[in-house]
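After this come two complexes, each holding subunit A, first together with subunit B and then together with subunit C.
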Partner chain A sequence: MKHTAATLLRSREAAVALVLLAAVVLTALKSESFVFSADGWRNLLVTPSMLVILAVGQTAVIITRNVDLSVGSVLGLTAYMTGRIFIEAPGTPIVAVVAAAIGLGAVLGLVNGVVVAVAKVPALVVTLGTLYIYRGVFLTWAGSDRINASDLPDDFLALGNAQIASVPVLSIAALAVLIAVGYHLYYSRGGREMYAIGSDPDAARLYGLPVTRRVIGAFVLSGALAGLAGVVYAVRYGTVSSGAGLGIELEAVGAAVIGGVAIFGGSGTVWGAAIGAALLVTINRALPVVGISDFWQRAVVGGLILAAIVLDRVLALRRERRLGIERDTRSLA
Partner chain B sequence: MSEPAPEAVLVLDEVRKTFGATAALTSGGITVEAGSIHALVGENGAGKSTLVKIVAGVHRRDGGTFRFQGRDVDFTSTADAKAAGIAVIYQEPTLFPDLSVAENLFMGRQPRKSAHRIDRAAMYEHSELLFQRLGVHLDPRRFARGLSIADQQIIEIAKAISLDTALLIMDEPTAALSGVEVDRLFAVARALRDEGRALVFISHRFEEIFALCDTVTVMRDGAYVATQAVAETSRDEIVAQMVGREVAELFPKTPAPIGDTVLRVEGLHSTGKFHDVSFEVRAGEIVGIAGLVGAGRSEIARAVFGVDGYDSGSVHLHGEAVPMRDPQASIKAGMAFVPEDRRLQGLVTESSIARNIASVLRRGLARAGFLSPRSELRAADAWAQRLQVKTHALDMPATTMSGGNQQKVVLAKWLATEPSLLIVDEPTRGIDVGTKAEVHRLLSDLAGQGMAVVMISSELAEVLGMADRVLVVCEGRITADIDRDRATPETVMRAATQTHRPEAGA
Partner chain C sequence: MRFDKKSIAVAATLVVSLGLSACGGGGDGGDDGAAFTFLPKNLGNPYFDTSEVGAQSAADELGVTVTQVGPDAASPEAQVPFINTAAQQGVDALIVSANDPTAICGALEEASGAGTKIVTFDSDTDPECRDLYVSQADAAGIAKVQIEMIADQIGGAGQIAILSASANATNQNAWIELMRTELESNYPDIELVDTVYGDDDDQKSFDQTAALLQSYPELKGIVSPTTVGIAAAARYLSTSEFKGQVSLTGLGTPNQMREYVADGTVAEFALWNPDDLGYLAVQAAAALVNGDIEGEEGDTFTTERLGEYTVGADGVVLLGEPFRFNAENIDDFDF
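Now for the complex of A and B:
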C-alpha cells in the first residue's frame, strides 16, 4: 500500500492531478455550485481548454531545451485575425477561419524556429523579441479598433456553449490536441528525438539526429497551437481587444513547469503540462470562491511554481542517492 | 607509402585540417582493409581524434583524399557518415541522460509497429540481446542518468555493434572497462572482423593492441608515419615511431624523504558510496589508490576534497579539521584536486587556456577586484611552460586541445595554487606514453619537494611504479594498505576483488 502510494507520487502527473482534485473538492465544499451545477460543471471543463492548448505547444518546445515566449502575442494576433475575417468576408466557413488562424500561428512559429535553430540564437532572446514584434504588428493592425461579439457569426459563438454528451466542444478540442501531441511525443521517432535533443544537444548532433528540423518543428507546433488558442479565445470571450493574450505565455510556461516538464529540456510530458494548466486556471477561479484576495491569488500561483521546482530538486537528490545504493548492491551481487 | 589495395574499405591520404592557426592534421593517412582490426596510435595531439572526426563527419577536411568503400566521399554531417555505414565510439560517452538505456541504443531507429508507433517491447528485447552478446547485465528500461562511466562505455559499444556497419571506429573504448569487460569487447570485435567488417581501434595500451589488432598505423604531429602488421613489429619500435625518439616508459618514483602527516581521514562513511574509510598521507609520499572501476575511489576523493558530503567521519589537513562540502575551504587549507573526468569537472572548455589555469588563483591575481587578461596570461605562462603544454597560444579555448594537453592544463591550474596535498584521479587516463612519462615525472618531482600526493589509478603498473604505499578499495571499503616493497600485481588484485563479508552487506 505504502509502495503504491510512493510510486503514484513519484509520477508528477498523478501528484499534480491529486492537488487539482483537492482544490476542486475543497472549493465544492465551500460552494456546491462550483461543480454541481450546469454552469459550474461546464466552466470547470471549458475554462482550462485555452491554456491547455498553449501549454501543450510550450511543452514540445521546452522539451527540446528551448522556450517560446511569443505565444501570447501570436494568440492575440490570430484571435484578432479570426474576427477580422468574419467582418471582411462574412460567410467564410468556420473551418476555413480556424485553418487560417492555425496557419498564421504556424508561420509565426516557423520564424521563431528558423532564427533559433539556423541562426543559433538562444530561444529566450528570439521569442522575447518576437513577443514584442508580433504584439506590435497586432497593435498597428488593430489600432484602437476591437472585435465585438456582434461582429462574429452566431454559429461561431455557439461553439463556446456547444456540448457533446455534456462535455464542452472546446474541451474536446483541447483534449484532442493533447492526445495527438502526447501520442507523437511518446510513440514516434521524431517525438523521442525531441527528448534526446533537449537531454543533450551536443550528443544529439554528434549522434546525427536532425536537430535543426526537430527544433523548427517544435516551434511551428507551438505557433500553430497558439493560433488555435487564438480561435478559442475569440469563441470564449467574443471580444478581442489589443490586450488579448497579454502575459499568457508565462502562464503556459508555468503550467508546464508545475506539470513536471524540466525547464532545461529532456523530460516531462504534455499530460503533466495539461494538468498543470488545469490546476492554474482552476485555482485562479477557486480562490475568489473561498474568499482569498487578488494579491494572494498571484502569490499562490508563484508558490505552486516554486513548490514544483523544489519538489523536482528533492526528488532528483533522492534518485541520485538511490542510484548510489543500487550501484553498491550491483557490485555486491 | 604503398598503393592502397583496391579492396580497402577506408582510404585517407594526405588529409589536411586546420583549426584557426593550429594545424591539427598536416598529412594524415590510414588505409583500412575489410576483415581486419587496425590500430591507430600516436602521441597526444598527433591528430588521431581529428582524423576520426573527419571520417565520422564531425569535421570536414581542408584537403586530401578520403575514399570509403571505393568511392570518394565528403561527409557534411554525422548522419551522412552513419548512413554510409560508419559507426564511431567516441572517447567520451555521448548519451542522453533523460532517456532509457534502450532508447539511447536505438534513438532514431527504434523498432516500430507501424509508421507512427515505436514498439517498446521489441526495443527492450533487442537491447537485452545486445547486452547478452556483450555479456553484461544492464536494465534497458532504466534511465541513462547516473550510470557509471564503464556502463556508459558499454552502452556506446552496444550501440555501435548493433548498427550494420562496414567500418567501426573505437576511440579508446577500454579506458573505463574492467578486465572481463575488455575481454568480452575483444571477443565481439573479433566476431565483427570475421564477418568481414573493418575496425579501427585507438588505444594507448600496447597489450591491447598486440592482443587484438592485425595492423597498426602510427601518426606523429598530424602526419602519417608508418603502417605495419602487428606481428612484424614490436612495442619499442612503435613507441620510437610515435615519439621520434626512445622514451623511458614508466617513470618510477624517485625516493623522497617522508615528512609529517599532511592528511588524516578517519571513519569516513557515505551511504551507498563508501564505508569506514581511514587513512593518512604524509609529506613527500605518493599514496596510490587502486581498485576496480566503480569501487568508490573517486567518491572518496571527492568527499575528502569537499565536493560531495558524507554521513560521518572527519578529514584533517595538517591537524586542522577540514569542513565538509566546502571545496573553497579545502583549497585555502592547501588541497588540490584533479578530477577524473577532465572535460566535465576539470576545465571550462569554452574558456581560454590561460583563464583555466588562472581560474583558481583569481583572488590573488585581481587588482582592486578586477581581473585583467594580462595578469591571467602571466600567471598561466609560467605553468604552461613548466608542463610543456603544446598549444600555440594560451588565449585559445581549452576545447581545441588534445586530451593530454587538457590534462596538463588541469594540473597546471591546481599546481598554481601551491598546494600541500594533491589528489589526482586517473592522471594519465587517455594519455599517450610520452605525456604519461611527463606526468609521472612531475608527480615524482612534486613529492620530492615535500608535497603529499594521492593518486587514484586503474592502471596497475602506474600505481606499482609510482606509489610509496597502495591503498586498495573494494566495494567502498579499504581492503588493503600495502607498502611499496610488498606491492605486487597479485597482492593488489587480490585485495581489489576480495568479496565482501555477507553480514555487512545486508
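Now for the complex of A and C:
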C-alpha cells in the first residue's frame, strides 16, 4: 500500500495532475464560478481540448526522438479549409469536412515524415521549414480574407457548445483521441517499437525494426491530429484569419515536456502530455481570474516548463544513485 | 482569379488613357470627363471593394471617370508601378490608400510633378507626398462613439471593461485614454473596472473575455476597440450564460459581426463606412482638379451625399463620426 502511494507520487503524471488540481481549487476559492457555474464548468473541460489533441500527436513524434514544429501552421491551414469548404460547397456534411481536414493534415504530416525519415534530415530543421512553408501557403490562399462566423453553418458552430451528459462534445473528441493513441502506444507492437526507436535509433535499426515506417507514421498521426485540431479551432472560435494557430506548436511541445515526455525520445506518456496541456491552458485562464497581470502570464508558463525539466533531472539523478547503490550492494553480497 | 481581375483593370486603364489622349489632346484637365485613378492597398479586398462602390457613385455624380487598379497583395513596392503608369497617362488625380507612408513617396512626387493631384484615403503617406488625405475617423470620434454606444446599451450606469489588442498598440492606447477621459467627464455612473489585452489573437481574446466575465460578476458591458477582439468576444458571449446580460460593443466589420447581431449577442457596433470614404475621396479629388480648393487649411467644398467639408491642418479631410452598424443596416454592407 505504502509502496503504491510512493510510486504514484513519483509518477510524473500524478505530480502534474496534482498541480492542475491545486490550480483549479485555488482559483475556485477565489472565484467560485471558475468551476461552479454553467460557463465555468464547460470552459474547464472544453478549453484544453484543442491543445490536448495537438499534444497527443506531438508526443507520438517526440517519443521517436523527433519533433513536429509545423502543427500550428497545419492547424491554421486546415481551419481555414474547413471554413472555405462551407463557403464553396454549402451543405457539405460536417463529417465529410472533418474527414477532409484530417486528410489534409495527414498529407502535410506525410511530407514531414518522408523528408525526416527517408532523407534523414533532422526533424527540427524539416518541420521548422514546413512551419514557414505551410503558413506561406495559408497566407497566399487566405490573403486578407477571413472566415467569419456567419460563413459557417449553425449546426457546425453549435458543436462548440453541445454537451452530452454535461460533458462538452469537443472534450469527448479529445478524450477519444487520447484513449485511442494511448492504447496504441502501450499495447500495440507498433507503439512499443516507437519507444524503442526513440530510446536508441541505431539499436532499433540493427534489431530490424521498421524505423522509417514508424517515424513516418508518427508524423502522419501528428499531422492528422493537427488537422482535427483545426476543425476544433473553427468550431470554437468561429473566426479563422491568417494568424490562426500562430505559435501554438510551442505550446504543444511545452505541454508534452511539462507532462513528462522526454524531449530526447523513448519515454513519456500521452496521459502526461494531456494533463500537461490541460495545466498550461488552465493556468493561462486562471491567472487573470486570480488577478495576476497579463504581463506575468507568459513568465509563469516558462517557469512551469523549467520546473518540469528541473524535476526530471532531479528524479533522474536520484534514480541513478539508487540503481548505483543497489548494484554495489549486490556485488558486495 | 485575382490575376484576371488585375489584368482587366490594367487593360481598362490603358483603354481609358488612350481614349483620353485621343480626345483631351493635352488639355489642362477640363471640368468634364476628367480621369481619376483609384488605387487601393490591394484588389479582392472586400473593404476596398466597398470603397470603390462609393468612388464610382461619386464619379457618376460628377461626370468623371474613375478607374480602379491595384496589386494582389498589399505591399508598398507593388503599388509603385501603378503610380508610375498613372503618371505616364497624365490622369487628373490619383486616389491612393498607401501601403507604406514613405516607400511610395518618390513615385507620387513624380506623378505630382506631371500635374496629377494626389489624394490619399484610408491610409496616409507623409503629408508632403500628397495634396489631401481623406481620413476615415479621428481618435476623439472613435473614443466618443464607443462610449456613447456602451452607455446606451447598459442604461448609463454600471461596470464596464475594455478588451484591447496588444498592450503596446499605439492606436488602441490613444483611444482608451480618450475613452477614460470621456467617461470621467460625462458618465460618472459608469465604472471602468479593467483593461485586458487579447493581442489581436482570436484564442487569447476569447479566453480574456471568459476571464472578464468570471472575475467581475457585476460587469454590464465590454468595449473592444479592435476588430479581432470584438469578434472573439462576441463568439464567447454568444455561447455563454451571460448572453443578453452583458453588452458588447466596439469596432468591428459587418461581415465579422453579422452572426452575432442576428442572434442578439451584439446590439450595435461601429466603424467607418468605406463606401462613404471612397465617395468623399473622389469628391475631394474633383474639388482639387476643378480648382475649387487648393488643399490649404480652411478650404471648403460641398458634396451631394455628405454635405460640406473643411480641410483641416496638414491637408486632412475628416469623413466624420464613425458609422454605427446594427440590425437595421448591417445587411446593406458586405466587407
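Just so we're on the same page, the second predicted complex is superposed on the first by the 325 of 333 C-alpha atoms of A that agree within 3 Å, B and C clash if a C-alpha of one lies under 4 Å from a C-alpha of the other, contacts with A are read in each partner's own complex, and residues count from 1 in each chain.
FYI, a residue touches a chain if its C-beta (ideal position, glycine included) is under 8 Å from a C-beta of that chain, and two chains touch if they have at least 3 such contacts.
Remember, it's a predicted structure, so these values are computed and weren't measured experimentally.
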item	value
Superposed partners subunit B and subunit C on subunit A - clash or fit	fit
Computed vertex angle (subunit A) for partners subunit B and subunit C, CA, steps of 10°	140
Touching partner for A:Ser267 - first (subunit B), second (subunit C), both, neither	first
Partner chain in contact with A:Arg319 - subunit B first, subunit C second, else both or neither	first
Subunit B versus subunit C as contact partner of A:Glu193, first or second or both or neither	first
First (subunit B), second (subunit C), both or neither touched by A:Thr47	second
Partner chain in contact with A:Leu209 - subunit B first, subunit C second, else both or neither	first
Smallest separation of CA atoms, subunit C relative to subunit B, angstrom	37
Residues on subunit A lying within both footprints (that of subunit B and that of subunit C)	none
Footprint of subunit A on subunit C - complex, ascending	42, 44-47, 72-74, 167, 196-197, 200-203, 206-208, 210-215, 217, 228, 231-232, 234-235, 239-242, 255-256, 258-260, 262
Residues on subunit A engaged by subunit C in the complex (per definition of touch)	31, 33-34, 37-40, 43, 47, 143-146, 148-150, 157, 160-161, 233, 236-241, 243-244, 246, 284-285, 288-289, 291, 294-295
Of subunit A, residues touching subunit B in the complex	183-184, 187-189, 192-193, 195-196, 198-200, 202-210, 262, 266-267, 319-329, 331-332
Interface residues, subunit B side, partner subunit A - complex	57-58, 77-82, 90, 94-99, 103, 107-110, 112, 116-118, 145-146, 148, 271-273, 294-295, 475-476, 500, 505
